[in-house]
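Below: a set of structures, written as structure tokens.
Okay, so subunit A shows up in both of these, paired with subunit B first and subunit C after.
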Partner chain A sequence: MSMQLGFYFDASACTGCKTCVIACKDRHDHPVGVNFRRVMHHEGGRWEPHPARPGVWTPQVYAYSISVSCNHCAAPVCMEVCPAGAIRKNEHGLVLVDQELCLGCRLCKSCPYDAPQFNEKRGVMTLCDGCAGDAQPACVAACPQRALAFGDIGALKTKHGAVSGIEPLPDPRLTLPSLVITPHRHSPLSRDPS
Partner chain B sequence: MTATYVIVGGGYAGNRAADCLRRAGFSGRIALVSEEAYLPYHRTPLSKQFLAGPVDCDRLLLRHAPYYERQQVTLHLKARATSIDRAGKRLRLADQRELPYDRLMLCLGARARALDIPGKALAGIHYLRTMDDARALRTELAACKRLVVVGAGYIGLELAATARRMGRDVTVLESEDRPMSRVVAPLVSEFFARRHAEAGVKLHCGVQVSAFAGKERVRAVITGEGREIPADLVVVGIGNVPETALAAAAGIECDDGIVVDAQCRTSDPHIYAAGDCARAPSVRYGARVRLESVDNALEQGRVAAATMCGVDGAQAAIPWFWSDQYDVKLQIAGLAEGFDTAVARGDPGTNAFSVWHLRGGELLAMNAINRAADFMLARKWIAARRRLDPERLADMSLPLNAM
Partner chain C sequence: MQDDEVIARTPDALEEQRGRSAHLPGAAISTTRPAEQRTAGAVTREKTFSAGQGRWVAADCWADCGSKGYNKAYVVDGVVVRMGTDDTIPDSWDRPQLRACARGQALRFWLTGPDRLRYPMKRKHWAPGGGKKELRGRDEWLRISWDEALDILAGELQRIKQTYGNSAILATKIGVIAARALGLFGGFTDKWGKYSSGVWAHVAPLIGFSAEWNDRYDLLKSRLFLLWGANPVWSQAGLPAYTYWQAKKAGAKFIAIDPFYNPTYSMLADEWIAIRPGTDHAMLLGMIHTVLVEDRAGALIDRDFLERCTVGFDAQHMPPGADPKENLTDYVLGTCDGQPKDAEWASEICGAPAERIRALALEYARTENAALCMSGGPARVDNADSMPQALLALGAMTGHLGKSGSLVSVAHHFGTNGGPQLVRGHNSRSYNPSHTRAPDIPNPLAGNRRAGDSYGEPIEGCINLNELNSAVLTGRYTVGKGDIRPINIQMIYHAHGASMNQLPNTLQGVQAHRKVEFVVAQNMFMTTEARYADLVLPVTSRWERYGNVCIGHREQLLWHSQVMEPWFESKDDLWIGVELAKRLGLDPEAVEPWAWKQEIFNQVADARVVKEDGKTYEPLVTITEQDLAEYGVEGEPQQGRIPIREFQEKGIYHLPRSPDDNFGYVYLKAFREDPEKRPLKTASGKLEIHCQALADFVSRRGWTEIRPIPTYNPPLEGYEATFKDWTNKLKGDYPLQLYNLHMPRNAHTFFDNAAVLREAFAHEFMMNPLDAHARGIRNADTVLIRSRWGKVLRIVSVTPLIMPGVTALGQGARLELDDETGIDRGGCANVLKGATPTGGGHLGWNSVIVEVEKWPGEPLEPDHRWPAVIPVKESKA
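Presenting the complex of A and B:
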């Protein structure tokens, strides 16, 4: 079986500092609005009965951050809908855009992770390439919390478990992302789209 | 006061328009009205991989639900627009609701052209346009043995390729003398006829269909010559008819489509139209054309959104089309109408070649078979009105960038 590279993300460690976003932007010299990696913040909670005072309800709230980029999915929607055949998986399982063939139609924006990033100046779609040629991706190297890792997804899953979708990310059954997550202690798993 | 823009139609054009309105900085209300029960979705896979296996409908969504929440686009799904009160600027829906608008965009699409012949109401006769059509067809295709496809256009041939890959016995009947005759060069038609024959599809051209036979369910297709072709499933793909009834009833000018200018404005200054339903002047080709393509829907959605925001977004866009059949990617750039010379580049007997259409030496259009790089170059050259020497173009020893 060929190699499949992917990301590990530790939601229990991420502080939402966005160093990964800046490192990626700097490494690729992206224009305003183009971000291969993004950090989103998720909040939730519920009302619970007070343990000591009957009839009193108290809010239990939580918040956490998620750093997300292209997950180089095993079943990438972007590749399936590209009318030009410009999106392919390489020998390492990375989903890459051949910019010579990209028509700029943006149909690949149907990615549920919003991973493809359109470069208005060049008129083509761009996508995380795992910082090809570097020892490790800039986002991984820059994370002060060591909340990101990159490598063979099989090995990452062996080490970190099998969770690949927490709220508000989409249900991983949709695209089979090459992603493994250590959830934040309050993270609900992604909702079933059906 | 906050403006309200209402978009009718949840296809490529409507979805792109909503996206472009927000990207252009429009901060008012956007309502997207769609008859279908689904979030806007990709239609093009419906004749291909969607039919072959258990593809989740969510995999086809143009955008997922959080996107519409984030962009504050209010979706009205399963909502059919029934009339437009132009004086009061209100859109009426079938459930009696009325949506007031400041500007209205009609992205009504097209419907599959119906074959009005005896037996047309028998079970087992399908058309393919919507997700519901595809789901119903998928269920029957899984159990069918003999499929007859009426029409050898994009839909018919893509469906034939998918069904053959599923091991079905497939017959395609085409009334014209070659497949895809309205959209590709004869050499390309020949190529696809051969490719389908190799795959085991029985393709018959120059054949009229006169009736469907059967009691409750279709049993056979009867041709104009009285030949009976057994079938337990029939799909009719003989083109589309633009959806103009809503506009026409409101007194908006229609002529095989809703007539719009290059900025997608209809005859009503507050109403715009885009996509398969709109007939617009082509900046590049001069004539007024109605194009049924994803590219055109996306482009007109963008232009209409720009116009609604007070910007002239019209460009000399070069239309492009594509079709995936077996391992073949057909890409078409431009419109070939009016060409005087067709030049083949590469061997049409192989799986990779292209056909270039010129008029007075100027490149009008190009058909590429598994030649994506040539296609990209052709788009640029058509836009630039590049003149080409047919002899040099046909000479494969000369690279294209040396032309």
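Presenting the complex of A and C:
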């Protein structure tokens, strides 16, 4: 493998606006229910009532969004479990589904990022391919906050650091995602569930 | 439903139309296609896209969101196969790409969706005079020809004019194009009032303070940002939030003031102070009080600015003739009424801790370069007429007006980028400026103002937005104090706008629409207005016309071109106006003086761009004799900055900028420097913290009274109204506040029916876990929301991001009324809002009180699983 392609995601800049989700759907003509790129909102917190004055409150909350697609992992679970051998990594490290071989069994939904997407009409799994052939992936070009990038993961890590998992994304040691993240100020690093 | 079946249907549908003289610039046209190419699955599209068989066309997004994105459509054989956004320039902060939002990216899904209207239709049980009017909104539809449709329209217009007079025709938000015909016909009753501005529309000109933005480079000098009710991430997507992000990266501190911790804050805010909707004015007074009493030896208060540039701050600085006791300082200190408007007083109303209010006030006052950025939300509150003066006072006293590095601004739809338009063209996102070089056609019933214009100010013969429905039902409307006049509306004409769905008290609107003799709607989809009509005319989108010209923010001008042929039998609004004119015996050339192509060419020729000196302008485009011949238009050659062909092909011009260019702007700077030489257009020539003209204006409207200084006036349905006993804080029948925010799924009602956007954005009702738990409500339950005006069903999002006691529902979702139960399932927020006018007659969307309970009936399906609304599926009637 000459290089490993992957995504950079800046969680500190992301607003959860889902422009990336729709741009990707448009690019691939996806129906409702099929989303290569997905955005999750992570939020929580509590409210402190004023000890003496009812109706007066102090919030302690956090909220951030994560945009994630296929991470073209170095140890992809999908490839491991596919009974038809329909999933492989190409020379750029992209994890690709061969739709001719795919049985539609959906075992690859074991992906901890939920990346493989079942297309009901065609009866096969489909997967982000980094918009191979385009100048850049649709999501990267679309992001109004410029929070996404795609390229040689080594170069992206040199530029942006070593974090590749923030809560609630899975621990990166599971599948070794080709993903670099700038954490949000409220986002802890992904923890080993054990 | 957006699925492969729909996409497969689209090129077949366009096949039906291909017999016409279709020619899209640059696209390869074939009138027949081999059968194997007709399967428009993704694989086929991929091949055609990669093979470069199509062409990119700059595609209009004309949603009235107040922001702007650049969209392009890749067209193959008349079919749009994908979207793209701005890559016409390399991206930098000096010259940023104008990237689209999620809605823009969904344009082709939306505009080529299965629910686009195809044919003129009449209501099955309609007859001249109305027929079975009670069936409006629930009747069946019959496809008819354009001839029949236009004959019906013209016939009803004439009959109603002859029977009742032109004032019986109510036509609001129909845009300038349709209005030209009606203006020539003798006029029509229009509305006055603005949907979006809240109180700013009538207050700003009178107090001399319109809270404009500074230039975006200047914004980056601020060290502290108070984002007040602000959520540009959802409401004005694109550059506004991106500008704040630059400031954040440069080290500025952000404090959010809002009932809801929205995504803009999750990106930016270092702190969040939660306050209730409609209590912004009280919060501002608490801050003013803090600065007043903490000001030692003038360390905090800019007395020089107050003296030279304002009136009314204290007894020593009153306008001539004013009662000296009627000054802000004495009101805030409680000198006359015994109640200081201190942080404790404010805290009881707004819900933030008093110590937090004090700390914020002092931090704001002590920070030299501070930006207070408020949205329009706090102004869209009943009885909020005096809030802008409180905002003005706080900014003025702390020295934050008219100085580089500081600002007090309102509404992000200027792109957080203030100053004169650097690339000049029309702002045609919210209206269609038609025939810009032709004389306007006046509306005799609107004081002979331009027909179809947006009348912010009161005009005799026009009805305030709050009273439109009641005027139809009661036959009366308010002209002024003690001046109620009769009106007999018998026809409602809907075109460009969504004036049924987007007015308060929607159920009253349903009654009004079932009362009149005739309702007609022109639109692209089966909107609420269309559903309650007798006659529905399918119109083309802007993708189906020659083109359109529109500004972006300060620095961009866009020229969109035709993307596709008219959808089935849909027609331009302009064509409808011309055909109508012919049937009414009017001069069609007066409606359409020249072809739309000529009009767009005129607008492009008239576009101007600022020169390096920052003062003079030159034409944007160069036009040669050859251009004129090739375009086939009339005009004169001219010298400009870029060739006209280049502008058309790119579809956008971005003005290059740099931090030290001559295009900077600081609002009120010139006035601050010399208020004597540059007086404002107010009675005193200064900023009016005491404004008698404003008090008089409100009094003349006849609904409420206010004082010349910004005393706090609780909304009709605000926090105070949730109690039956304020002192003991005993809640009444509607214990929760509700406010309406702009949601990412739609731009008002635009886009709301697109399935991919419904999938991405759920249009949920939001409530705090404490309030939900007290009612046995859990996340994702279906809940019934009740106000004294109506009932709405929604799926609830129980979230800690909204303040206890406050709920929120986005605006713009379409009414789906169950006539038997009277319950709206669509989530139309206006069902819950009353239509009682206050103050200057603005729309107070954010003053609603409700109760909520778990719905015992069938749970709602998520919106994206609802079937698309397609009234006539068959090709033939």
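Criterion: the second predicted complex is superposed on the first by the 177 of 194 C-alpha atoms of A that agree within 3 Å, B and C clash if a C-alpha of one lies under 4 Å from a C-alpha of the other, contacts with A are read in each partner's own complex, and residues count from 1 in each chain.
Definition applied: a contact is a pair of C-beta atoms (placed from the backbone, for glycine too) under 8 Å apart; a residue touches a chain by one contact, two chains touch by 3 or more.
Just so we're clear, the structure is a prediction, and the values are computed from it rather than from any experiment.
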Discussion item. One more residue to check, A:180. First (subunit B), second (subunit C), both or neither?
Written reply: neither
Worksheet item: Any idea whether subunit B or subunit C touches more of subunit A?
Response: C
Discussion item. Quick one: is A:101 in contact with subunit B, with subunit C, with both, or with neither? Answer first, second, both or neither.
Written reply: first
Worksheet item: Touching A:127 in the superposition: subunit B (first), subunit C (second), both, neither?
Response: neither
Practice prompt. Would you check which partner chain A:58 touches, where first means subunit B only, second means subunit C only, and both and neither mean what they say?
Written response: second
Item to complete: State whether A:146 touches subunit B only (first), subunit C only (second), both chains, or neither.
Response: second
Fill in: subunit B versus subunit C as contact partner of A:18, first or second or both or neither
second
Discussion item. After the superposition on A, what does A:66 contact: first (subunit B), second (subunit C), both or neither?
Written reply: neither
Practice prompt. Answer with first, second, both or neither: which of subunit B and subunit C does A:50 touch in the superposed model?
Written response: second
Worksheet entry | subunit A - residues contacting subunit B, complex | 75, 77, 80-81, 83-86, 100-101, 103, 105-107, 109-110, 112, 114, 168, 170, 173-175, 193-194
Item to complete: Spell out the residues on subunit B that touch subunit A in their complex, using ranges where they run on.
Response: 42, 44-45, 49, 56, 58-64, 66-67, 294-295, 298, 320, 322, 329, 331, 372-373, 375-376, 379
Discussion item. Which residues of subunit A touch subunit C once you look at their complex with the stated criterion?
Written reply: 12-19, 21-23, 25-29, 31-33, 43-47, 50, 53-59, 61-65, 121-122, 133, 141-146, 184, 186
Fill in: Complex contacts: residues of subunit C adjacent to subunit A
1-5, 7, 41-42, 45, 50, 69, 82-85, 87, 91, 99-102, 105-106, 108-109, 233-234, 237-238, 241-242, 245, 261, 263-264, 266-267, 272, 274, 347-348, 351-354, 356, 729, 744, 755-757, 759-761, 768, 770, 799-801, 803-805, 864
